[in-house]
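So that you can tell them apart, the chains are marked A, B, C and D in the order they are listed, and the count of residues begins at 1 in each.
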Amino acid sequence: MENRIVADSTKNIAIVGATGYTGRESIALLLAHPYARIRRLYAIDNIGKPIGEVFGQFHGRLDLAIEEPDYDTLVKECPVAFLCLPHAKSMDVGADLHARGVTVVDFSADYRLKNVAVYERTYKTKHTHPELIAAAVYGLPELYRDAIAGCSLVANPGCYPTGAVLAVAPLVRRKLVDATRMIFDAKSGVSGAGRAPNPRTVFAECNESVEAYAIGVHRHQPEIDQELSGLFGGPISVHFTPTLVPMTRGILTTAYLELTETMSAEAVHALYAEDYANEPFVGLLPLGSYPRTADVSGSNRCHVGLYVSGRRVVAVSAIDNLIKGAAGQAVQCFNLMCGFDETEALRH
Amino acid sequence: MENRIVADSTKNIAIVGATGYTGRESIALLLAHPYARIRRLYAIDNIGKPIGEVFGQFHGRLDLAIEEPDYDTLVKECPVAFLCLPHAKSMDVGADLHARGVTVVDFSADYRLKNVAVYERTYKTKHTHPELIAAAVYGLPELYRDAIAGCSLVANPGCYPTGAVLAVAPLVRRKLVDATRMIFDAKSGVSGAGRAPNPRTVFAECNESVEAYAIGVHRHQPEIDQELSGLFGGPISVHFTPTLVPMTRGILTTAYLELTETMSAEAVHALYAEDYANEPFVGLLPLGSYPRTADVSGSNRCHVGLYVSGRRVVAVSAIDNLIKGAAGQAVQCFNLMCGFDETEALRH
Amino acid sequence: MENRIVADSTKNIAIVGATGYTGRESIALLLAHPYARIRRLYAIDNIGKPIGEVFGQFHGRLDLAIEEPDYDTLVKECPVAFLCLPHAKSMDVGADLHARGVTVVDFSADYRLKNVAVYERTYKTKHTHPELIAAAVYGLPELYRDAIAGCSLVANPGCYPTGAVLAVAPLVRRKLVDATRMIFDAKSGVSGAGRAPNPRTVFAECNESVEAYAIGVHRHQPEIDQELSGLFGGPISVHFTPTLVPMTRGILTTAYLELTETMSAEAVHALYAEDYANEPFVGLLPLGSYPRTADVSGSNRCHVGLYVSGRRVVAVSAIDNLIKGAAGQAVQCFNLMCGFDETEALRH
Amino acid sequence: MENRIVADSTKNIAIVGATGYTGRESIALLLAHPYARIRRLYAIDNIGKPIGEVFGQFHGRLDLAIEEPDYDTLVKECPVAFLCLPHAKSMDVGADLHARGVTVVDFSADYRLKNVAVYERTYKTKHTHPELIAAAVYGLPELYRDAIAGCSLVANPGCYPTGAVLAVAPLVRRKLVDATRMIFDAKSGVSGAGRAPNPRTVFAECNESVEAYAIGVHRHQPEIDQELSGLFGGPISVHFTPTLVPMTRGILTTAYLELTETMSAEAVHALYAEDYANEPFVGLLPLGSYPRTADVSGSNRCHVGLYVSGRRVVAVSAIDNLIKGAAGQAVQCFNLMCGFDETEALRH
C-alpha cells in the first residue's frame, strides 16, 4: 500500500538482516519514503514468514516475506542495500556487494574504525577487507555530509558515538576542551541490546532497575575516540560509562568537559548555535533547558542542552538510539548518497 | 519546516486546547499532512509560550506560540478547527464556530451522545445546544464514512468506544450475538487520563501496578451502548470494565461474546474479513494470532484477533488511544470532510 | 547474617531449582524466617557460583553457592525441600524425596491435577508417578488448610489459579453462579514467564505493550476448572484469557460471573466477608474499591473487590504472582506442615 | 496484627506527615519492627481516613486513621517521632518536640546543613531554630554511628547525598582524590519527587524518557559538599547532575574521581573493603561487577562497585531512595538511638 509510486528515481532497496530491530526500523522509515521501494528482505531466521507476522506492525502494510540471502538477485534488482548485520558478519557481504556496484549502508562496526588494529582488538576478529576501510565514509552527516554524498559505502555510526559526538563537537573542533578529561555518561534504553533474547534484557531483569556496565571497555569507546580525535586534530581518549535504563528507546548522553579557559554560558551556547544552525536534525535548546529522550523518540532528531559554570561544561544530548542512532541516520545517508532531500521520510 | 507547501487546497487549521495530549498528537500528525497548515494554537494555559517549549518534540519544527482563544480571528483565518477540549467546554465553542461556517472536529463527548438525557445524566451537565446534536456525525469512519464526508461537525469518538465497537461490529450488525451478555474488558495506557496531574496518574502510583476502575459506571459505556444498539437495531447495554495498565499509549479491548448459534472460528473470521477487507486502518489477524498494542502504537490502525469455541467468542482489538482513539481518527475524519485521501498523514 | 538462630525447631531446607524466580523468592522469604535455615541450593546452571553473584540481592546476605543436585545429601541434611522446577522435571524428584521421608513443596504442576489424563493431555507428557497424585494436597490454604497441615507433599498452586479461585470461591461454593458462564480475564506481570530469556519476554518486546495470549488453551485453565468444580460440587469449565502487561510482578484477575438470582451488592459482599474474615492473607475491600496489584506487591496477600449489578458480578483479585502465586504460598504451606504460625516470615 | 508484642522496651512512635511516600515506607518498616509500635499517624490531608484506605498496602494490617497533628498528645504518648515533612515545615515542629523531650528523626533538610547561611540560601527560607542545628546529628551511620547513638535529634540525610557519600567516602577521607574534580552523575527513580502530583511526574511524561535536570543547582549539592568537605578536611565543591529515569525506586550514583596518584584497582578496592567490612548495610562488589538498583530495591542496603584505570576512578553506588535514602536509614538511626540492634526490621 505504501509503496505505490515507483517513479524513475525510485530506488529498490534490499534489507539484509531484516528481522532485528534496526532492520525493522529501516523498513518502517522506508515504507514512508516516496523514492524508496523495499524489494527484498533477507535474514537467516524466519525464512518464508511474511514480514507482517515477524513484526505485527507491518501487518497489511508490506507484502513481502523473509528470504534467505541471495546476493545475485540482490545485485540484479537492488541498487541499494541496508546491511543490518552484526559486526564481523557484515564485512564480507559489504565488500562483495560494493564490488558489484551496490550502494551499501552498513549498520555494523566493520567499516567504522579507520585503524584496522583497533578494529581487530576491539571486536576480537580479523578484518577480511582492510583495503575497503579507507573508502568507507563514517555516516555522520553533521561531520561528513559531502563525503557521504559522494561515496558508495557508508559505515553507519554506533548509537552511543552519535549521541556523544553531537554533544561535544563544537567545543572539540575548536580545541576548547581539556582533551584528557572528557567524560561521557550515557543512559540507554534496552532496545540497544538488540532483539535476540539474553538474560540481561529480559523484562523482569531490567524493569525497575538501572545499572552501569562495561565501564571503560565498551566497544563504542574507540569509535568515540576516533571521531573526537579527528575533530580535535590530536589524540583523545575519553572516559565512557554506558548505563542501562528501563525504557525501550533513547539515549541520553551527559558529557562532562573542562574548558581550557573560562567562558560564559552564552559564549559556549553561541558556538553550538553557529555549528548547528543549519542542521536539519540537531536542535539546540535554550540555556536552562535540558533534553528529554521522549522528545526525540521515533524521530531522527538530536536535542542538545548546555550547562556552563566557570570551566565546567555539562553538555547533554538526546537521541532515539534506533533512529538517529541507527536506521534514521542510515536513511539520512541514503538520501545524501542518492541526491534526495536529506530529510525525506525523516520529517515526522 | 514541515509546512512548506501551501497549495490552494491547503486548509488552515486551528487547534483549540493545544496543550493537552490530544492537542499535541493532532499537531504531530498535521505537521506531516501535505494539505494542512496549523495556523493557530489556542489554550488557556501556557499563553505566549512557543509550542516547542510546551512540548519539546516540536522544538525547531513548528514556529507558533500558544494564544488565548480568539474565535473571530479563527473564523477569519481557519476553515477548520480541532476542538481538543474537555466535555462541557466544547459545546458552546463548537456551536459558535459551526454557526459561523467553520468545519469542526470536536474531541469532547459533547456531541457524541444522540440522546440528550443520557448525555446530561452521564456528564452531569446541561446540554446548551441540543439542537445541534442531530447534525453532528459520530466520527467512526468504519461505520459512518459517507456521513462524515458530507458533514461539517464531527463528534470524534471516545478511545474505549473505538476499540470496543471495532472489535465486535461484524457480529453485532448481523445480530449473531446475545445482546444481554456483551462484556468488554479494556486495558488502557495512562495517557488516556490526560495530561493534567492527578494523584492516580503519578508515575510512582501507576508504574508496576494494574487496577480496574469505574466498573459499570464509566462514561464511555453509554457511548458504546449507543453505537452497538444502532448497529444491532435494538437496545444493547454492555458490561464494561476499564483497567489501567502501566504503559503510556494503547488500549487492548477483550470482548466476551456469546453467539446465538454455534459457529466455526473460520466462519466468524470470514465475516470480519468481509467487513474489514477495504478498511485502510483495520487489520484482521489470522486465527490463532492476537493483537499487541505495541504493533499499533503511534499509528491509526486497529488490529483485531478472534478466538471462537462453541458459542463463545473472544474478540480482541488493539489501538493507540491517542491516535485511532483520538487525534488520528480526527485527521481521518478531516480527510474525509475535505475530500482528501482518507489515509493522508496517517500511513506510517 | 540472617540465619543466626538455629534452634531445635529450625528446619534445614533445600531449594532445588534455586536459580529461577521462584527459587529466588523462596530464598528471600526463608532468609527472614526464624525457624528455617537454607542449607542447600541446587540447580543445573551456575554450578559453583555464590548465590550473591547469581542474584545480586543476596550479596553479603547468604553464604551459599549453587551445587549440582545431590539428593543423598539432601535427604541426609534437609527434612524439607522446595522444588522450584518446571513441570515434568519435578515428578520423579518429588516422588523420590517423598519416598525417602522428605517433606516436599512442589512448585510445578506435576501433582496439582488429580486426573492423570487431564495432566497428560495438558502437559503433553506421561505422568511417571500417578500413584502419588492422591497423596499430594493442593496447596491453597484458604481451601485445604487442614489437609495441608497433615500432609508431606504439597502441590503448590499455579499463579493464575490462585488469583482466580480466591476471587470467586464464596459464590462458587454456595452454587450461586451460572457455572457455564464463568469468565476470567487475568492480567499478569512478565515475571510469570520465568527467568529464561525468550523472544516474548525481552524488555523491548513487552514494554509499552499489552497482549492477550493462549486464549482458551492456557495450561492453568484445567487447574482452575478442577478447583472450582470441586468447590461447586459439579463440573465447571471456565473461559480464561491471560494477558501480559508491562510490569514485573502481579496478577489482576477480573472474574465475570452471572448470579443464579439477583442479589444486592451488600449481600454478595457479606458472603465474602464471612468466608475471608479469618484468612490472614485475604483482604476484602469495601464496596466501591477495587484492588491494585501494587498494594500486594512483595506480600503474600490477596486483595478482593466486588462489583454487583442485577445478576452480574465482577469480582477482582490482586496477588503478587511470585509470592501468593508461588513462593509465599509455599512458605505458608511449609508453616502449616511444620506447625509454625501460618504467617511466619510473611507478615511484611 | 503486626503490632502484637508490646514489651517494656517497645517504643510508641508518631509519624508526622504519614501520607507521603517516606511516611508510607516508615510505616511499612516499623510494622515489622519487634520493638516499635506505631501509635499516631498525623497529616494535614486525608484526616479521618483509615491508613488502609490511604495506602491500600496497609488494608487489614494497621488499624489507625490519619489525624490532624496534636503535639500535646504526641508528647504524652510517643517518646519518638518521625517527621516526614517537607523542608521549612519541619524546623518548628522538630524544635518543639525536641524541647519537650521527644526523640526526633527529621526527614527534612532543616537540620542537615550546619551552615545556616547555606541552608537559607539553598532553601530560600529563614531558619527559625539555628541554635538547634549544632545538636542535630547527620543521620548517616556509616559516618556518625556513635554520635547518632548518643543524640536525640537526627537530621536524616537526603537520598542523593546518601548514595554519593557512600560511593566515595573511603577515597575522600584519605585525601586520595582531586577535590576540585569530583563529578556525580545520579540516576533517580521518580518516587524521589514525592507523592504530590506535578506535571513532571505524571506517568505519561516520565515513562519512556530520561532527562537530566537542575544541573549544578540541585538542593542536595550543598549537602554533598558539606559531608565530603568534612571527610576530606577541606573544602570540596562537587559537580552534581541528577537524572530522572523511568522507574519507581532506586538511585544509581556514578562518581567520576581523579586520584592524586596512580593506584591499582586492587588497592582502591582494598581501601573500600577495609572501611565497609563491618558495615551491615554496605555491600562492596568484587572488581568487575557494578551494582543494579533492583538488587537493593526494598532494602536498606547500599551496593558499591569500582572501576579504576590509571588515575581515573569510577565509583558506582546503588540504593533504594525510599529506604536507605529515607525511611530505612531513619529506622537504622532509630535503632541506634534506642539501643536496639542496628539491623532490626531492616534485614530483608
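Everything below uses one rule, namely that a residue touches a chain if its C-beta (ideal position, glycine included) is under 8 Å from a C-beta of that chain, and two chains touch if they have at least 3 such contacts.
What you see is a predicted model, and the numbers here were worked out from it, not measured in a lab.
By residue number, over half of the contacts seen at A-B repeat in one listed pair from C-D, A-D or A-C, namely C-D.
Of all the chains, the one whose CA centre sits at the greatest distance from that of chain C is A.
For the pair chain B and chain D, the distance between C-alpha centroids works out to 45 Å. Computed from the mean C-alpha positions, the centre of chain B lies at a distance of 40 Å from the centre of chain C.
The centroid of the Cα atoms in chain C and the matching centroid in chain D are 35 Å apart. For chain A, the set of residues touching two or more other chains reads 189, 205, 207-208, 246-248, 291-292, 294-295, 297. Listed in rising order, the residues of chain B touching chain D in the complex are 21, 189-191, 193, 195, 197-199, 201-208, 246-248.
By the touch rule above, chain B contacts chain A in their complex via residues 1-2, 28, 31-32, 53, 55-57, 59-60, 207-208, 280, 283, 285, 289, 291-292, 294-296, 298-299, 301, 303, 347-348. Contact residues of chain D toward chain A in the complex are 181, 183, 185, 187, 189, 205, 207-213, 215-216, 239, 241, 243, 245-250, 252, 254, 256, 258, 290-295, 297, 305, 307, 309, 312, 314, 316, 318.
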